[in-house]
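I've put the structures underneath this note.
The same subunit A turns up in both complexes below, where it pairs with subunit B and then with subunit C.
== the complex of A and B ==
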């Protein structure tokens, strides 16, 4: 059980690579099968399906522009596959420690909670607060009402308190800022 | 604007639209400039978080005017300061710069006391 939850949390926090792997392997299988068939046909001296291996090799060595284009495309696909394999593939989620459950929170939900608290502390209309959460940083921007000062420190303290209480993993640090220009009317 | 007083405050909030603020400021300005409200144009802006007010209004010329330039400017400044105090009192907003433009002059006679 203690080993199950971390695995679940990891799976939920990262994108699955199975789709990319399936597509890449399927393509590889098709290409390998075709090359094998052509080589077999050539070995028994039969007519090729499309081209004989010798003709294909000759074409590759011909140095025509199309060969370089094809090589470039293949390299591009290779780079994309490499990135898919290497990059962590994080989803926009955080896990919240809990003794009894594996808890996953979408970043949008975290941002919503931060925005709601900031709105309450700053006493502004809901649409005056924008919040977004990335892996390690949360940004809260409060647009004040003209002539009504907003206590940025209190809002910052509230955001810090919420993040300390929730303790999402990976750790998120909040930065609350009050927009320099307010809006007339509230 | 009620700030947070969690013990007694009712949930929800009071919003004052810009239009309502404008009319409030217009009324205060008209009162201090002693001109009809319909002649007063108000533009509200944000001045680095403060409420910036621009008043465009006619100048009320007193009958039997002996007003020199100094007095005119003083009247404008007094009106601006009165408008500021009034608006802050009425709306609870901290007022920033108040500009007053007198675009024309009207002679409004006081009604004769009968």
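== the complex of A and C ==
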């Protein structure tokens, strides 16, 4: 079981390329089917569906602008496929160490938990606290009520405490800031 | 989660991308680089292309149709002389959902199963309200899972996924 969890967590933290591969291969099937049929017809000396392979090769050699445009588009699609293959494809999630289970938490939930704690400490309405979590950083912004000071250090300590307790991986560091301009009302 | 081979997925995208870029470069700049011009295809070459196209189509279809395998419905299957017993992933979701019923932050519990390295893994998805007390929710699931272990009389490997209410489908309990 213990050897299973790192693998599960790694897979859950990264996007599968199955959809991208399926789309790319479906297009490849269409192109291969068309090219194959044209070549088969030409090999038998039959009339082409659209263009004969010889005419197509002649067009590619013609050096017309449209050929370069087509080549450029093909290269662009190639670069996109290359990026899909190489980029890490991380999902907006963190794993949380646990003795019994492999635990994965959406970054939005983590941000919500941070906002909740910050709101308690700062004693402001829920909509006065914004929090977001990225791979290694959490940002909490508290908008105080005008004239009521907010203890930024206490809020920072609370956020640090939560992140220490949960210990999300990759490690997240919190930065709590209090907006300079407060708002009127509760 | 499925059993799809992700390294090969990446390799396929890499090869397709490189082939497209190379072909585009050859068509657009082959002559400037002094590469030979594309020859007119002979009948032999035409047949070779037909053969290659068939192979590409068959391999592509095999790969596409093999995506997404590995999910299972029955987490546990016992066979004995008295009969057989299967434990469904939905049943587990109900058990865990009941155990979490007193958690105000939890709005839904669902579960599926998948197989990995010859073992059945239970995948639990717990949907929580905005601003939920995450540590408390995880502790509550820990307790629920301890009860589940007692009911099933074994410890299934478990993946717990905690997600926000954006994708929540409310579940009647």
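Basically, the second predicted complex is superposed on the first by the 186 of 186 C-alpha atoms of A that agree within 3 Å, B and C clash if a C-alpha of one lies under 4 Å from a C-alpha of the other, contacts with A are read in each partner's own complex, and residues count from 1 in each chain.
Heads up, the rule we're going with is that contacts are C-beta pairs under 8 Å (C-beta built on N, C-alpha and C of every residue); 3 or more make two chains touch, one makes a residue touch a chain.
Just so you know, these numbers come straight off a predicted model, no measurement behind them.
K.L.:
Using the overlay on subunit A, decide if subunit B and subunit C clash or can fit next to each other.
P.N.:
When both complexes are placed onto subunit A, subunit B and subunit C end up side by side without any clash.
K.L.:
Tell me which partner A:157 touches in the superposition: subunit B (first), subunit C (second), both or neither.
P.N.:
A:157 contacts neither subunit B nor subunit C.
K.L.:
Is A:16 touching anything from subunit B or subunit C once the two structures are fitted on A? First, second, both or neither.
P.N.:
It touches subunit C, and subunit B stays clear.
K.L.:
For A:92, using the defined touch cut-off, is the partner it touches subunit B, subunit C, both, or neither? Pick first, second, both or neither.
P.N.:
A:92: touches no partner chain.
K.L.:
In the combined three-chain superposition, what is the angle centred on subunit A between subunit B and subunit C, taking C-alpha centres, to the nearest 10 degrees?
P.N.:
Result: 130 degrees at the vertex subunit A.
K.L.:
Determine, for the superposed model, which of the two partners subunit B and subunit C contacts more residues of subunit A.
P.N.:
Touching more residues of subunit A than the other partner does is C.
K.L.:
Applying the touch criterion given at the start, work out whether A:183 contacts subunit B, subunit C, both or neither, answering first, second, both or neither.
P.N.:
First partner only.
K.L.:
After the superposition on A, what does A:125 contact: first (subunit B), second (subunit C), both or neither?
P.N.:
first
K.L.:
So, A:147: does it touch subunit B (first), subunit C (second), both, or neither?
P.N.:
first
K.L.:
What is the minimum C-alpha distance, in Å, between subunit B and subunit C after the two complexes are superposed on chain A?
P.N.:
Minimum C-alpha separation, subunit B to subunit C, in the superposed model is 15 Å.
K.L.:
Which parts of subunit A are in contact with subunit B and also with subunit C?
P.N.:
Looking at subunit A, the two contact sets are disjoint.
K.L.:
For the complex, give me every residue of subunit A touching subunit C.
P.N.:
Touching subunit C: residues 1, 3-5, 7-8, 11-12, 14, 16-18, 20-22, 24-26, 28-29, 32-33, 35-36, 39-40, 42-43, 53-54, 57-58, 60-61, 63, 67-68, 70-72, 74-75, 77-82, 84-86, 96, 98, 100-106, 108-110, 112-113, 115-116, 119, 126, 162, 165-166 of subunit A.
K.L.:
Going by the contact rule set out above, which residues of subunit B touch subunit A in the complex?
P.N.:
Residues 1-4, 13, 15-21, 44-52, 91-96.
K.L.:
Going by the contact rule at the top, pick out the subunit A residues touching subunit B in the complex.
P.N.:
The touching residues are 120-121, 123, 125, 144-149, 178, 180-186.
K.L.:
Using the touch definition up top, name the residues of subunit C that touch subunit A in the complex.
P.N.:
It is residues 1-2, 4, 6, 9-14, 16-21, 23-25, 27-28, 31, 37-41, 43, 46-47, 49-50, 52-54, 56-57, 60-61, 63-64, 67-68, 116-117, 119, 121, 124, 128, 130-135, 138, 141-142, 145-146, 155, 157-164, 166 of subunit C that touch subunit A.
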